[in-house]
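Okay, so here's the structure we're looking at.
Letters are used for the chains, namely A, B, C and D, taken in the order the chains are written, and counting of residues starts over at 1 for each.
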Amino acid sequence: MSNIATDTMISLSPSGSQKFMQRTVPLIIFAVILAVIPVFGPSRTMYSLLNAMGVNIVFAMSYNMLLGRAGLLSFGHAVYFGLGGYAAVHAMGAIEAASYGDGGFWAGYPVFFLPFIGFAGGALAGAVIGWPSCRRAGTPFAMISLGVAELISAAGFMFGSIFGGEEGISGDRMNGPEMFGLSLGPINEVYWFIAFWTFIGVLGIYAFTRTPLGKMSEATRDNPERAEFVGYDPQKVRYLVFIFAGGFAGLAGGMSAVNYEIFTPEALSLAPSGMVLLMAYIGGIRYFAGPILGAILLTYMQSMMSDYSEAWLLYLGLLFIVIVMFAPGGLAGIFGGLFRGLRGDNPAASLRQWAVQITGIVLMMISLVTLIEMSVNWSNNYGEVFEPFGMHLPHDGVLTWAVIFIPFVAGVGILRKALKNKEGQA
Amino acid sequence: MRLLSSAALAAVMSVTALSGASADTLKIAFIDPLSGPFGPTGQDGLNEWEYAAEQINAKGGINGNQVEVTGYDNKVNPKESLVQLQKALDNGVRYIAQGNGSSVASALIDAITKHNKRNPGEEVLFLNYAAVDPSFTNDRCNFWHFRFDADSDMKMEAITDWVKGQEDIKKVYIIGQDYSFGKAVAAAAEKNLTEKRPDIEIVGNELHPLGKVKDFTPYVQKIISSGADAMITGNWGADMVLLIKAAIDSGFDGKILTYYGGSRGAATAMGQAAVGQVMAIVEHNTNLEMSDAHAAYVDGYEAKYSESNYYYQRIDNAMHMLAMAAEKADSIDPVDVAFALEGMTYEGPTGTLTMRADNHQVLQPMFMSTFSDNVARGVDNGPFGWVADDAARIEAEDTRTETTCQMTRPSK
Amino acid sequence: MSVPALSINNLHKSFGPAHIIRGVTLDIEPGERHAIIGPNGAGKSTLFNLISGGYHPSSGSIKLRGEEIGGMKPFKINRKGLSRSFQVSNIFSNMTVRENVRCGVLYSMGYGYGFWRNVGNLHDVQRKTAEILESVDLLDKAQLPAALLPYADQRTLEIAITIAGGADVIMLDEPTAGMSHSETERAVALIKQATEGKTLLIVEHDMGVVFNMADRISVLVYGEIIATDKPMAIRGNEKVREAYLGDEADAIEGDAA
Amino acid sequence: METIVFSLLNGVIYGLLLFMLSSGLTLIFSMMGVLNFAHASFYMLGAYFAYTISEASSFWVALIFAPILVGLVGALVEKYGLRTVHVNGHVAELLFTFGLAYLIDEVVKIIWGRNAVDYKVPELLDFPLFELFGAQYPAYRIFTLFVALAMLAGLWFILNRTRAGLIIQAALSHPHMVGHLGHNVPRIFMTVFGVGCALAGLAGVIGGNYLVTDPAMGVQMGPIVFVVVVVGGLGSLMGAFLAAMILGLLQTFAVAIDARFADIFGWLGLDATSELGSITIASLAPMIPFLMLVLVLMIRPRGLLGDREL
């Protein structure tokens, strides 16, 4: 029996090449992408966006350790990001002081490794706050996280010596020993720092999902009762996961501290906590890579889309609602569906179906964007008018309302038909 | 108009570096909120910068260079501001204008100092038009930062100068938001009042959490029962409006001395009952006596932006002083312009302005304006506006404060 | 005399005014296969929940190998070597069959809350998982998502998870409920084989299963055990016949014949 | 003495306003399990609708119609939005309302502008009712008190004296039982959601001119509504009432206390000049709700009068 079992054990777990293809290759691709980007000579804007994306990727993935992997909806994850970041920024100050002062431990600590301090800070905060929070999942957890976030962010403005008041605490990353020949002065050197830690963060979070604790976190999410009857205390599973999620959020905070060289109390508040929720969910919480997509998209939207439309928050809200209602798998779910369709039995049919759906969606988007942009211009009352592609679309123009209604009706019609066809097939 | 269709194009363009300012434009990046709750305030600032640029371009620009102001939305977030700063640098910007939020200003000052140190030859100058933390022109003063607004200590000097002349004010209550600015205002008020009017009793000095109080009535009733006949507050935004509204509703009849009473939307919220009672310390209001040219400037602005009121005289001042400095230096390079700005005087619409060389803080006449319903130019499209008589004018020199600044200057 | 594997003494449980378990006393010897039967609403599930830690007893004691476990948390009881299955399939439905069983194995092999090792490299866990899967004949379905299994297989998986931790006291709550005749036969064989040498406590409605499998049977009626005896003796017990009416009574008779 | 009287009066009125705002959410949450993040946004809609209606006709018309309009909007949201999400569970519902709050805020900014609107107290009520210790007491505040009490009485009557009310009461404590009684569950959900939103809308009509009507009013009130509902307990309107009152009174009384931490904990050696020592109780007042939220969830997860845990 044990012989058979040993043989089957090998056939049961994925083969070496499968493991390599499914696990190692994506990580290698990710690392290669990170390494190749500078070859294209990105501008400062691009670099600072990439750096922000790196921070947000780790932050969003740490959030998904809670929401996606442990089923814990938190409204206060920025608390751990912020506390980790503050720990790192204070350490940065200590390095500066020690380098110009009498030395000591901090004089020999490279700024490059500050995210470790961030991790420690975030994990410590998670360990303290997590204990009362993790007793139960679901709504009580969500509400406690909300309350704690409100309390901590209020404290952020009260304790100036720790949080530096409104203006926060700033530091200088160009102190202490250099690592890998990086002075961390110019933004492209900071990029290597961010890329390195983004990779480490993603790798670390991935590795975590492969540990017994990581597996039991998913088990506890799906069925806490059963987890309890195979010997696990759900509360303790949640608590430990919470500490790690806090730690990785702190790691992201440490990255952020080095990238921006400043930390302010607003980083602890509800707004970034809400943002990271949006990133993870829009990206897709059921997929490991989902939050990466969400972090990239939302960071881009936040910093670039406001150049084109001041209603970007409205678009963001709409995107979120549409995802919640119609695509709970998020962007990763949508891409995954496309990919599976292409590799399925009938790629041509699925291609046709998407073409129809995309047409419908684009038509509705034209209508919505026109409506929103026209309204925003009308509401601002600066006499400006929405003029896409040389068209003149004032709020009282017939053409405007035609551009709003016709594509909308057409889009809804097409989507309904597509949906019916799909049901017919099924 | 911002076109969504150009978003994709710009995304591609932002990948490839755009470097170097073109020879014939002086680019100013306006880094302030343009969306979200503070969007309207930021948009007003941008409008005025754009208008000032337009006016100066019509007269041939600065040293023959056209001025171009571009808005960068920072969502009043320090980190986002640094991303926007990088965007601005990519677009060849050498001048940054910002004002909303000392946290942002502080982050920008830090970032610009580091940038200038790390990238010699690409220096950037920071024109601060509204961030009032005194430390920017004291212990944290910096060669690359010029402030065109009075800092919070100077405003308190001005307020207390005015209080000095008000014999009937005997008891003052200080209330503010619980964060660095609110604390600074409270400390300055206490210090200045004891110096200038030792007979005044400070009957209360209270901080409340920032942006969290929904009903100020309990605070106000505390103020009323303390017998205060004037209240000083540095509050802004909803905290200010709600405080004033609660005070008036509960029948507080003393003066309410504010920093930001004149800010956007406040007049509507305060309403008739606040007339004559609410005062604000500002460098300008649209009902001052004005020269024809200046009146035309103000009216031109309000005609162009019907939803917005002319508020930031300092932006006009900053633009003029920038032009004068560039002419004096015969250059639009920020280093030359910065040296030329030091110690410069400018005959502005309200009097003489001086840019102090020792700490890069402008000195300008201030006005203790009163909320009024009898005005030539109203605000918020309503009947209310702000007025100031001669007694309410505080001369520029009287707002001077000692500075602890030890300026380090680059070699020329 | 050896210590009983499970010893229940004068156990009571009330929910508010409802007195569900009214003084149950029962000893189960190591290695014994013990069945609990009784009409609907007799309190069988409640009794199960009390023993496995789902409910807190109102009074009385429950001893596992002489050690009091009444009122302990389920995970603690599980770690002491008592494992249970559920009447309704209670599996980790988003995981594959193999992962489900692996979850059952992890704690018992000492990996607990470990976060420093890769489950993929835990060869002893892999081996044990494969053994369990083989013993319940689910090897060929190991890679399927658990939610996609046919009903009978989900029930089997339920048992697999229950025995995976290597507990020596196994409690099965209606393991064959809802199965067809042939599926039931297979399940019984499988249970017998998988619980070889272990103490088994089973609640079951299918009298065929009960009489086929059990060494002893207890009859629970209205929260009280009215009889505990060998299967043959239970068949002849008057009180049991009185408690069972209609079809079920016939079932007992039928099997007796 | 005067502090106590004032604090009591203000606390009661603020508590009543909180209760008006939260009672709808208690109904929705208890029956549907939806912790509606957008609840305070409906409160804001109530204020804005009331502003527009009272500009066109009068405040009294707005008092009737604005809540009805808000209720209709709520019912539509339930029918076309929430119901779609329902199958994906409570977290999806919570997230839906979270996104909805964003949307309503932005749409309000587009329609009514980003500044405060001049939503005035009706002239009939715009006078100081009485004077207490030198401070005037506006009549509108007392009016608020009466509206809230009327609403409370109305709710009590409907819940205890009508058939629909009895069904709702049953559903509050045993939500899954409604279907078994042969009622059309989707319709009941839509109605409850609509009515809950209408109650928030009514609070908006009253609170909009009592406080300020601006696009931030929803966000400001948002989290505190949760506090009232959670602290009050699932399924208990009485609990919500009690929680709202406690919150209102605690907050106003805390404001009235001048003590600093150093005065209270001085015996521990806390120095008044230290950062911790210089914090005043008054400055902590707005933190009290969240402290209560966390403590209640930790110590008594069923809330004050709730009949089951969250």
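Throughout what follows, contacts are C-beta pairs under 8 Å (C-beta built on N, C-alpha and C of every residue); 3 or more make two chains touch, one makes a residue touch a chain.
For reference, the UniProt names are A = Leucine/isoleucine/valine transporter permease subunit; C = Arabinose import ATP-binding protein AraG; D = LIV-I protein H.
Everything numeric here is computed off the predicted structure, so don't read it as measured data.
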**OP:** Give me the chains shared as neighbours by chain A and chain C.
**Re:** none
Subject >> Pair joined by the larger number of C-beta contacts - A-B, A-D >> reply: A-B
Subject >> Most distant chain from chain B, judged by the mean position of its C-alpha atoms >> reply: C
**OP:** Quick one: report the Å distance separating chain B from chain C, using the average Cα coordinate of each chain.
**Re:** 75
Original post:
Roughly how far is chain A from chain B, going centre to centre by Cα mean, in whole Å?
Top reply: 36
**OP:** For chain C and chain D (LIV-I protein H), let me know how many angstrom lie between their CA-based centres, rounded off.
**Re:** 49
Original post:
In whole angstrom, how far does the Cα centroid of chain A sit from the Cα centroid of chain D (LIV-I protein H)?
Top reply: 32
Original post:
Which chain C residues sit where two or more other chains touch them?
Top reply: none
**OP:** Two or more other chains in contact with one residue: find those residues in chain B.
**Re:** 39, 178, 209, 212
**OP:** Please list all residues of chain D (LIV-I protein H) that touch 2 or more other chains.
**Re:** 283, 286-287
Subject >> All touching chain pairs, where touch follows the definition stated at the start >> reply: A-B, A-C, A-D, B-D
**OP:** Report the residues of chain A in contact with chain C in the complex, numbered from low to high.
**Re:** 1-2, 4-6, 8-9, 12-13, 19, 207-208, 210-216, 218-219, 222-223, 225-233, 236-237, 240, 244
Subject >> Interface residues, chain A side, partner chain B - complex >> reply: 40-49, 52, 154, 157-158, 160, 165-168, 170, 172, 185-187, 256, 260-262, 264, 266-267, 300, 302-313, 369, 373, 377, 380-389
**OP:** Would you tell me which residues of chain C are touching chain A in their complex?
**Re:** 52-53, 73-75, 78-79, 83-84, 86, 90-95, 98-99, 102-104, 106-108, 111-120, 122-123, 126-127, 129-131, 133-134, 139, 142-143, 161-162, 164-165
Original post:
In the complex of these two chains, what residues of chain B are touching chain A?
Top reply: 1-7, 10-11, 14-19, 34-36, 39, 43, 47, 72-73, 75, 77-80, 82-84, 86-87, 89-90, 101-103, 106-107, 110-111, 114, 118-119, 133, 178-181, 209-210, 212, 305-307
Original post:
Of all residues in chain B, which touch chain D (LIV-I protein H) in the complex?
Top reply: 37, 39-40, 178, 206-209, 211-215, 217-222, 224-225, 227, 238, 241-242, 245, 249-252, 264-265, 268-269, 271, 380, 382
